[in-house]
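We just call them A, B, C and D in the order they show up, numbering each chain from 1.
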Amino acid sequence: MPGLAPSEIRQQFPIFSHHPELAYLDNAATTQKPRAVIDGLAAFYEKQNANIHRGIYSLSAQATLQYEQVRRKVAALIGAPGPGSIVYTSGATAGINLVASSFLLPRLRPGDEVLISAMEHHANLIPWQMACRQAGARLGVIPMSPVGELDMAAFRQMLSGRVKMLAITHLSNTLGTINPVEEMTALAHRKGIPVLVDGAQSAAHLEIDVAGWGVDFFAFSGHKLFGPTGIGILYGRAEHLEAMQPVIFGGDMVRNVTFEETSFAAPPQRFEAGTTHIAGVIGLGCAVDFVSRLDRPAVRARVEALGQYARALLAEIPGLRFIGEARQAGAIVSFVLDRVHPHDLATFLSAEHIAVRAGHHCTQPIMQYYGIPGTTRASFTLYNTREEAERLAAQVREAQKFFT
Amino acid sequence: MPGLAPSEIRQQFPIFSHHPELAYLDNAATTQKPRAVIDGLAAFYEKQNANIHRGIYSLSAQATLQYEQVRRKVAALIGAPGPGSIVYTSGATAGINLVASSFLLPRLRPGDEVLISAMEHHANLIPWQMACRQAGARLGVIPMSPVGELDMAAFRQMLSGRVKMLAITHLSNTLGTINPVEEMTALAHRKGIPVLVDGAQSAAHLEIDVAGWGVDFFAFSGHKLFGPTGIGILYGRAEHLEAMQPVIFGGDMVRNVTFEETSFAAPPQRFEAGTTHIAGVIGLGCAVDFVSRLDRPAVRARVEALGQYARALLAEIPGLRFIGEARQAGAIVSFVLDRVHPHDLATFLSAEHIAVRAGHHCTQPIMQYYGIPGTTRASFTLYNTREEAERLAAQVREAQKFFT
Amino acid sequence: MNEKLKQLYQSVILQHNNHPVGYGKREGSAYTLDAYNPLCGDRFQLFFSLEDGRITGLGFHGYGCAISKAATSVLVKHLEGQPVQRALEMCRAFEAVVQPDAPAPSATEEDFEAFAAAREFPGRLKCATLSWEEISRFLEAQGVGG
Amino acid sequence: MNEKLKQLYQSVILQHNNHPVGYGKREGSAYTLDAYNPLCGDRFQLFFSLEDGRITGLGFHGYGCAISKAATSVLVKHLEGQPVQRALEMCRAFEAVVQPDAPAPSATEEDFEAFAAAREFPGRLKCATLSWEEISRFLEAQGVGG
């Protein structure tokens, strides 16, 4: 199995040579980049840089081929039927917004309903809220239990004929909860309800099978999958993409343009107006190659075990309370500590070269649910180690001593 | 004057070491990247990569500072009053679309008019066309003369009380025409008409002074200014940005979020939903540093002289006709050649390592105006040489012999 | 000019470009297909009828580069008079010649071979396949219908 | 824990955090300002009145980290009883201490100096300035109005 050992994997990430002391535990915010991605980007700019699609000279033709090739790689990674269903976006947020305004809004009527869950990231909440407001529809919220698991019985009951969309996170960036998206999709589809899965956190860590699950849309970001910033993917079922109108207009997404009217190109180009983030696509291709070469189930098992280990160590600290304790969970560990504010804790940990995030993690409703202003969150991925989990726990203890 | 000589400048662009024979004359599509930009990007990913704004640990705090610092650099480059009026976008196209849908559309009424010109890129045409269609407004087109100069008399006449927006390109990507945007802005403002200038082609080559001219909006892309792909800038006057609602929703652009409602952050963050293209911003900062260190008026003079030189050489070829011969013009040279299709010519030139673009250049209405399907376009910038212009002309002659 | 390019153009393409087969507008055809590449503005109309399951009266008119025009001329030359099924096979054979992903073509029409050089110029692929894709879409729909 | 951080917290901040000046809800204040940082959820209410151009009855209530709480406590300690103009000057003096771009502070209130350490933690700047910015905005508007 190539490169499964964390030490081997870690060597591929230059950030750790530059910061040998760094325990980077903010992977849910963004991941570090392997050498292959950084070099791939640089090589593109140094040797192949050109605009695509409309170019005849060799550089441009090569760039176009590579650019389109990445669609195939992404399709293979997430189990999509083919490159035509892979839309390049600027990130998960942009992808979800596109579905809300171009797919949902035109078919949303007063009195209709859109279902999300109680644990959604703002990116998978506000776009639907705004669409509902514009159409006079209602935003339904699938409730969750105090440990952060969705209430599936309530969910089943909420699946009425009025529901026009289900948008659900695969892996909660705050709670770590992994939701049963396959089952939820099947239930929603029985009522003819289209499903979007927010894969921002899961794409890097879980096996994705969009065609197998039958989801209608799946959105994620390159930068959380060891790839560059500014690039993301929206997978959409071909018949949906076919039916959707673009919302951003410009070059390369048209067929015919006159001052009187414009006809649009076929998907996915239809949704990719102007010069896209070509280098980002190439870099994302390198990132997909990187993760595809790993034994993904084995990596997942190891990373989730690491999350469990961190939980076990932290659980021994008096006054520490986990926010999110679902049975199915990724390696995202959120907690609050009596009498120590998350920001003070994060500053303390930063001084010890431990990078964690503190705050609401763009999930204010989760904070409202638990009645807290924020949490401290440690999120682990394939280059993290048990030693880092131990340092985290030890320094949380130190911080507790210092502040209280 | 540091690095004014083309050979010195050229050395800073790695692409030319990898392709020593390459005459890259497709700079209007995208520019090549100097070492400083490529290294700046790699250094960010290798040493500093972190998500911004919400991070307390050092990497994130540093990234945030750098990221915000680039707004100041950009503001200085284009003469904007301050960083608050600089919105990061994914490119010129995205910036123009944002103004069309968020600024214009809400104030556009049936019977109103939006003025563009006969030489607009699709990116500065279709968004306005769509806004007009949605509002029942009319798209007015400022006519141009056969040499590709705007008809200023007609323009003055078109400035009626019905006009709610003027959107005009600064430098035409197909014709090379430089439009008198300062004068046009003054005329429009006399009637209270807000003005957007499409600076996609001009930002790299002309002096920009958005506050001095008083334009309301100015949009451009990093990738045409020696910067990375996937990043662009929208300058907007503070009072406009303040009044505009966001169109993309997600993290980092909110103040308060509940399931019932959301309040938005102040500009520019309001328009920057989700994880933005952080590395792209850093890279753009390096690109702005690069151009700011040059003697811009001297570079402009040299590049425009180079364009004139190319025109003079090409003008001697029988059967060659220029498309666009404005008196005020940048170094963009479009032409058609009797009995040789632009694509065949571009393929021929590519085999000789000369990269030019062939087609409609995302300006189909210009093609319709001249009754041609496309042109061959050579566009020059600061690393191009007289020798390249000579090779171009010589090989156009060879192609003519070959095909006819 | 380099050898690859010479090869690409000279063997067949410039010939067909300068002396296209079946070029001209036709009235009274049962079908007119519009082969249009919005990215470059090239546009050909294909005229033909179907008689007893065969393509008849095939011709074309329009504007395009040497490659697209020659490819359309070759199309007319080879598909005229062919039964739908055979015509579809030829579409696939042509495609196999020009697609860089496809296995190297085994022996096919000599006219087709010339376009193999297009593999070296992926920017021009679409030019070679423009008319071929249009008619192959039509023929496939025929197959499904009948 | 490293020295910088110790310095940042221990000198003044933990003191004020644990024993804040003027902490508690107040009824009957003429003004209540809401100092809220949506990025982190920290939120303080500032209560006060203006009498003869002086800030009176200044107090605060709310939730925040040690830095934001201490900074607000220091604010209350130093602005209570001050005339608007003088209070504004103190706001600027405080800002000069914490802003990394600002010139190194010349002698100011000793309480302020503790926050100079925040310069080393730009991620925490906003915590230090949260309440100060809010009241300074209010005071500036007063200046304009009167």
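The rule we apply is simple: contacts are C-beta pairs under 8 Å (C-beta built on N, C-alpha and C of every residue); 3 or more make two chains touch, one makes a residue touch a chain.
Fair warning: this is a prediction, and the values are worked out from it, not measured in the lab.
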Task: Going chain by chain, each one touching the next, work out the least steps from subunit C to subunit D.
output: 2
Statement: By C-beta contact count, B-C versus B-D, the higher one is B-C
Statement: Cα centroid separation, subunit A vs subunit B, in Å, comes to 31
- prompt: How big is the gap, in whole Å, between where the Cα atoms of subunit A centre and where those of subunit C centre?
  reply: 44
Query: What is the distance, in whole Å, between the centres of subunit B and subunit C, each centre taken as the mean of its C-alpha atoms?
result: 38
- request: Going through subunit C residue by residue, note those that touch at least 2 other chains and give them in order.
  value: 39-40, 121, 123-124
Statement: Two or more other chains are touched by the subunit B residues 54-58, 60, 254, 256, 343, 347, 350, 358-359, 364
Query: Mind pulling up the subunit C residues that touch subunit B in the complex?
result: 1-2, 4-5, 9, 14, 39-43, 63-67, 121, 123-124, 127
- prompt: Where on subunit C does subunit A make contact in their complex?
  reply: 36, 38-40, 100, 121-124
Message: List the residues on subunit B that touch subunit A in their complex, please.
response: 14-15, 18-19, 22, 24, 26, 29-30, 32-33, 37-38, 41-42, 45-47, 49-51, 54-60, 90-94, 96-97, 101, 121-123, 125-127, 129-130, 139, 141, 221, 223, 228-231, 247-252, 254, 256-259, 261-262, 273-280, 343, 346-347, 349-350, 354-359, 361-362, 364-365, 368
- line: The subunit A residues in contact with subunit C across the complex are 53-58, 60-62, 64-65, 254-256, 265
Task: Sort out for me which residues of subunit A touch subunit D in the complex.
output: 341-344, 347-348, 350-352, 358-360, 364, 367, 373-374, 398-399, 402-403
